[in-house]
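Here's the structure, in C-alpha cells; my notes come after.
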Amino acid sequence: MRSLISIKDLSREEVEALILEALKRKTLPPSPSFSGKVLASLFYENSTRTRESHERAASRLGMDGIGFSGTEGTSVKKGEPLADTLRMYEGYGADVVVLRHPLEGAARYAADILRIPVINAGDGANAHPTQTLLDLMTIKEKVGSIDNLRIALVGDLKYGRTVHSLVAGLSLFSNVQLWLVAPDAMQMPSHIVHDFEQATSSTVMRTANLQEDVDIFYMTRIQRERFPKGPDGEYEFQKLSRLYHVNAALLKDKKVGIMHPLPRYKHRLEIALDVDALPNAWYIGQARNGLFMREALLSLVLSGTQPEKEAHKTEEAWHPLPIKNGKKMGEHMVYRLDNGTLIDHIDAGKGSSVLAVLGMGDVPFIYARNIRSQRSGKKDVVGFTDRELKPDELNKIALVTSSATVNIIRDRSVYKKGKVVLPSVIDNIVFCQNPRCITYKEHAEHAPQKFHVMSHEPLVLRCHYCEVPIKREEIVLKEN
Amino acid sequence: MRSLISIKDLSREEVEALILEALKRKTLPPSPSFSGKVLASLFYENSTRTRESHERAASRLGMDGIGFSGTEGTSVKKGEPLADTLRMYEGYGADVVVLRHPLEGAARYAADILRIPVINAGDGANAHPTQTLLDLMTIKEKVGSIDNLRIALVGDLKYGRTVHSLVAGLSLFSNVQLWLVAPDAMQMPSHIVHDFEQATSSTVMRTANLQEDVDIFYMTRIQRERFPKGPDGEYEFQKLSRLYHVNAALLKDKKVGIMHPLPRYKHRLEIALDVDALPNAWYIGQARNGLFMREALLSLVLSGTQPEKEAHKTEEAWHPLPIKNGKKMGEHMVYRLDNGTLIDHIDAGKGSSVLAVLGMGDVPFIYARNIRSQRSGKKDVVGFTDRELKPDELNKIALVTSSATVNIIRDRSVYKKGKVVLPSVIDNIVFCQNPRCITYKEHAEHAPQKFHVMSHEPLVLRCHYCEVPIKREEIVLKEN
Amino acid sequence: MRSLISIKDLSREEVEALILEALKRKTLPPSPSFSGKVLASLFYENSTRTRESHERAASRLGMDGIGFSGTEGTSVKKGEPLADTLRMYEGYGADVVVLRHPLEGAARYAADILRIPVINAGDGANAHPTQTLLDLMTIKEKVGSIDNLRIALVGDLKYGRTVHSLVAGLSLFSNVQLWLVAPDAMQMPSHIVHDFEQATSSTVMRTANLQEDVDIFYMTRIQRERFPKGPDGEYEFQKLSRLYHVNAALLKDKKVGIMHPLPRYKHRLEIALDVDALPNAWYIGQARNGLFMREALLSLVLSGTQPEKEAHKTEEAWHPLPIKNGKKMGEHMVYRLDNGTLIDHIDAGKGSSVLAVLGMGDVPFIYARNIRSQRSGKKDVVGFTDRELKPDELNKIALVTSSATVNIIRDRSVYKKGKVVLPSVIDNIVFCQNPRCITYKEHAEHAPQKFHVMSHEPLVLRCHYCEVPIKREEIVLKEN
C-alpha cells in the first residue's frame, strides 16, 4: 500500500491483515526497525489521541519526528499554500506524512503531489481511516469477528468523520446491521448511507431513539462549534447534546459494548463516568489500540514499494459512427450548413446548455429546438460554422446532455461523425460545490478540479478529493 | 517513593537523599539508564523552566517524551475530562507523568487514578514540590546546611505556590527563622503559616518591610493577572509591584544570598540586572540545579516499586455503648417511641441540623430541644420511627454535632446503643468550597469529594486534593 | 567561527567553504557526529522552514533538541528578560542556540552574553544570514559561480530581512549587478545600498518595473502586517501586492532563475503555481538546500574553539598636545581662569552643545561664541573652574564637535593640554533611535548602549546591535 487516504482504498483482506499485525504488535516490545526514518506529522487542527499515537508509534519504530500541532507559529499563518508546506517537509527528508486538515480532500491532494506515502489523520468531515481501523481492531478483539454485527451509531452522524469512515469500513464485512441514532438535524449524509446499502445490499435503520438491542453502541460527542453562535445555536446544542446519554443504570445486566472515538464532553458526558469501571466500557482500550494500529500502519506504508504515478491517459472523447448518405445532412434544416459542426440528437431542450458550455462568442450558429426525431420523439439540434470541437468541449457536451451526435461537415457533407462519450475521469471543467472541499476557490489552495464518473444513467460524478457526489443537474461547469 | 505530589509527602531524610543524589548528578556526565522509558509532560499552563528541565532531564536519562505545552491544539480544548487525558497517556505507554494544571489538587487526583507515578509540576496556588526541592538543594549547596537558617520570603506570598511549598519544605528542618515580607493584600494564607508553626514550634514573623538581617532573600514576582482588570487593578499592581526591589547598591558588602524561582519581570525587575554579577546572585545557579534535581527525582520514581493501592477500608462509624436499663428509654419523652431510632446527647441547638442532614422526608419524628442533661447541662434529643441509620448518615451526624448517642429501639426497649465516631477519612458527603479545587463542581472534572480529619476538637477537615482546611461551621454537606 | 550573527561577520572564503561543505553533505547520508550535543532553538516568531531545517539538521547530526516555537506557553509571556531565558537554556546544557526574535540586534546581544555559539535565525528587519547562505549556495549550485551575476530583488525590500542580508552577502563577490525592484514605499534602506556600493564600487539600480534581462529574479512576499490596519492599509496592500507577479507565460523561453525565501502568499501568488514545473523554478530546491547549509553551519560552530571574550580595552580619550607659552592662556578672555578647564577650538556655535552634554549644574563657566581663530576663522571657547573631565565626558565632547582642544589650567597656567579623540567604540552614552532595536528602552530588555564609529568626517556611528547607522546631527546623548 502506498498511502492511506480513505478506508475505501482498502480491501477486506488488507483491513484484516492490518488488524492481525496490530494485535500482534500489542503483545510485543517495540523494535526500532525503521530507525533513521522520519515522520512528518502535520496537524492543522486540534488533536491529541491521533497525533500522540502516531508520534509515539513512530518513536517505537525508532523513527525521528518533525512537524507541527496547530498552525500557531507556522508559515501556514502567513498564507502558505498547503502544497508548498508539504513539499518542504518532503524536501527536508520526511519518509511519510501524517496529515490532519480542516479541508476535505486535503489528504488525497497531498498523496497526489508527494512521492512519499501520506496517512490521512482526518480531513474535515470527510474521512478518518486510521480511527476506523482501530475501531474495527477493537471490535475484532472484543467480539472475535466483525461479520454479523449489530451496531448503533449514536449522536452527531452528520459532521462526525469517524462515523462516516466507520460506515464505509463496516461495508466491507457481511451481514452488518446498522442503526443510525440521531435527531434529523444530525443524521448521516444520504450518499454515505447509500454507498453502504449498495455495497452490503442490506438496509440501514434511521431512528431518533437509542436502539438497545444491539452488540455495540458507538457514541459520539455533539460539538458546540457545529451550531450557530449566539443563544439560538446554544439552545439547539443544549437540547440535542442531552438526547443520548449512557450510564451504569442503563447498562445494568446488558452485554452491549460501548465505544467512543473520544474525547467525551465533560460538561455533558454522553457516557457517564460510572460506566468506566464496567466491562461494557470498551472505549478506553479502544483508544490504546490506536497506538498499535498506527504502528502497524506506519511499518506497512514504509515497507511498501512506491508505485510509479501512472500518467493520466487521455481517453477518446467520442465514439466514431458510420456515415450513411452524408449528403442528406442538414437538408431538413432551415439554414444550410456548408462547413462546420452539427450536433444532433441532443436531449430536447438541452441545446441552449450545449451552446452555453461551448461559449459561441460571435460564431454564427443555428439552434433547432424540440424538433421531431425518429429515435427519441423529440430532440434539439445545434450547428455552427468554422469551428471544430476540442476533447474537453466534447466532454462538456456529454455532461449536459445524455446523448449527442457530432457531425463534422466539410463541403456540405459529413466528413466525420461520432457520439460524445463521457470519460471515466473529468479534469478541470466541473467545479466542486462543497464549500469545505480543498478545491473550493475561496481557500486558494489551487488544487485542480477532478471528478470520477460513478454512474452514467442517471449521471453521478464524485469529487476526487472530498468524495462528495453530484448529479447532472447540480453540475457547475467552468466558463470557456 | 511512588509519586511526588506535595513536599509534605516527603520526610527530611528523603529530601536530603534527593539533594545528595542531585548534587552527585551535577558532577557526572548523563547516563541513559532509563532508555526506552517514556515521560509524559502535560503542561496545562505556561512554563519554561519547569517543563524544559523535566524534559531535558528525561532526555539525559535516555527517555522518550510525549505530551503538550499549553492546551492549544489538544482535546482539552474540546472539554475532555482530565481523567480521560491522563488515562490516554498511560495507555500510550507513559512510564511517568509530569503535570502542571491550573486546578488545585489536580496532581493528587492524577496520582489516585493512574498506576504510573505522577510528579506535580504545580497545581494552581497549591503546591510546587520540585521547585522546593531545587530551592533546598541550592541552599544546601550554598550554605552547607538548611538548619538554623534565617530566610525572608518576599513579594506575592498569597498566590505564589513556590513559597507555599517552600514553607512546608523548610518545616522539615530545625531552627528555621521565617520572615514573610509582603503587603497585607499579598500575605501568606494563615493555614500554611499555622502548619509551619505547629511543625517547628517556632514563630513566623510577618512584616511589610524588607527584612535585611537574614541569610537569604527569596524574591518572587508579583503577577499582574492576580489583580482585577481595568485601571483600579492596574493601579494596585503598579503600587505593590514597586514595593520590593533588590539592587547592587542595597547589597553592598552584604552576604545575603538572593534566590528567585524566576522568571523575574523585566518591566519591574524585583532584582536589578546589576545584581547578576554579584556573588549574592544565587538565582541563576538555582534555576540550573532544577535540571539535576529533576533528573534525580525521575530516576527515583522510575526505580521505585509501585505499591498496591490499598483498598480504602471502611471504618466503624460508631462506637458501641453498654445498655443499662434500656426499658427506661424514652419514658421521659412527651411521645413514646416503640420502634425506631433515638439520638441523645446532641449538642444543645444542633438537633435541627441533625434532622436536616438526615433529610427526614415524611418520616414522623420528635425533637426535644435544650432539655436538661446530667452530663452537659443542656442537650437536644431527636427520635423517629421505622428508620435505622446508614454509616454515612452516622458520619454526617458526627460532622454537625461533637457528641451524640444513637439508640436503636425495638419493642419499646434499647436494642443497640452507641456513640457516633468520625472516621479519619470523609468520603463524598462534604463539598470543598475552594473554587480552584479540582473537585469544585463548575470545573466538571467529576473528581470525588474526600476530606481528612486533621483534628476533632475543634473539628478541622482538610481537602484531600487542594489541601485547604475547613472548620465545623464551614462544612457544606451534600443533600440526601 | 564562534557565532553567526550577520553575514558581514564572514569573509568570502568562509562563505565559499560553507557552501562546499553543504553541497558535500547534500550527497552524503547523515552521520551523528555530534551525538549528545544539544540544540536550543528559540523561536520568538513564526517560522517553519528556518526552524524545521535547523532542528532536522541537528537531528541528522545526532543532536538533542530543546526550545520553543512561538511564545505561547513560555515565560516570555510573563515578561521574562531575553537574557534570563538565554542563560537558562545555557544552564540546561545547550551547546548552541538558534534564535529568531522580533527585535533587531537580539542575536548579537545573545552572542555577547552567552559562552555558547549563537546562530541568528532572523532578528526583526535586520539580518537573516543562514537564509543568505542557502541563497548563495543555490546560486553557486545553479550558475556555478556567484561572481559576474545579474540579479533583481523584487517586492518588499524595505522590511524583508532576507534581502537585506542577501545584499550584504552579494557584496562579498565581484561584479554583481543589482536591480532593486520595488515601489518607493517598499524600497531598500539607503544605508544597506550604500554599504553594498562602497564594498563593490558598483552602482545599484533602483526601479519600480520588473527588470527582465537578468540571471535571477529574487521574489519576496509583500506582508499584510507591514501596512496599517483598516481599509486604507488594506487598499495599499492590495495595490502593492499585485505589482509583481511571475508566471509561466512571462517566463516562456527565458533562462532566468526564480528564487524566493518562501512562503509565498496563496491569495496573491507572486509566483504562479504553473511556474513550479519549469526549470526556472529554483525556489523549491532552494528551500531544501537550507537543510544541508544549516547542517554544515551547526557542525562548523560546534567544532569551532570558543575564543575568550576579549576584555573591552578603554582607549585614551584624548591626544596630548605640546604646551607653548601656557602663561598667555586666557589672557584675551573677558574673564580670567585661574584653575579649571578651558576647551578651545570648538566648532563655531557648538559651545552650547558642549556645555549641555557636560551638564554644568552650578559650576561657574564662561562661553565665548564665534570668536576669531587663527586656525579656522571662527570658533567657540568654553571654560569653567574647579572641574576636570572624565573620559566619557571627553567622548561626549568629541561627539558634538569635530575639533576641540582641552586645557587643564592650574595657577593661571596650562598644566595639561590635549585634543579630544573619539574612541572606536562608544559605550553607554548614545541612545539608538531605532524603535525596533533590542536596546530601545520601551522593550525593557536592558541591553547596554553600544556604537561603533564607522567614519569620522562626516561622523557616522553604527549601533552594535541593530546595525542602523546615525549621523552626528541624529545623535541623542544620555543626560548627565
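Chains here go by letter, A, B and C, matching the order in which they are written, and residues are numbered from 1 within each.
Going forward, a contact is a pair of C-beta atoms (placed from the backbone, for glycine too) under 8 Å apart; a residue touches a chain by one contact, two chains touch by 3 or more.
In this text the structure is predicted, and so the values were computed from the model without any measurement.
Trainee: Interface overlap for chain B and chain C, more than half of numbers shared or less than half: same or different?
Mentor: different
Trainee: Specify the angle of rotation obtained when superposing chain A on chain B by their C-alpha atoms, rounded to a multiple of 5 degrees.
Mentor: 120
Trainee: What whole-Å value do you get for the distance between chain B and chain C if each is reduced to the mean of its CA atoms?
Mentor: Centre separation, chain B to chain C: 52 Å.
Trainee: Which chain B residues touch at least two other chains?
Mentor: Residue numbers touching two or more other chains: 72.
Trainee: Quick check: in the complex, which residue numbers of chain A touch chain B?
Mentor: Touch residues, chain A against chain B: 30, 43, 46-49, 52-53, 55-56, 59-60, 69-70, 72, 221, 223, 262-267, 269, 273, 284-285, 287-288, 291.
Trainee: In the complex formed with chain C, which residues of chain A make contact?
Mentor: 36, 38, 64, 66, 68, 72-81, 83-85, 87-89, 91-93, 444-446
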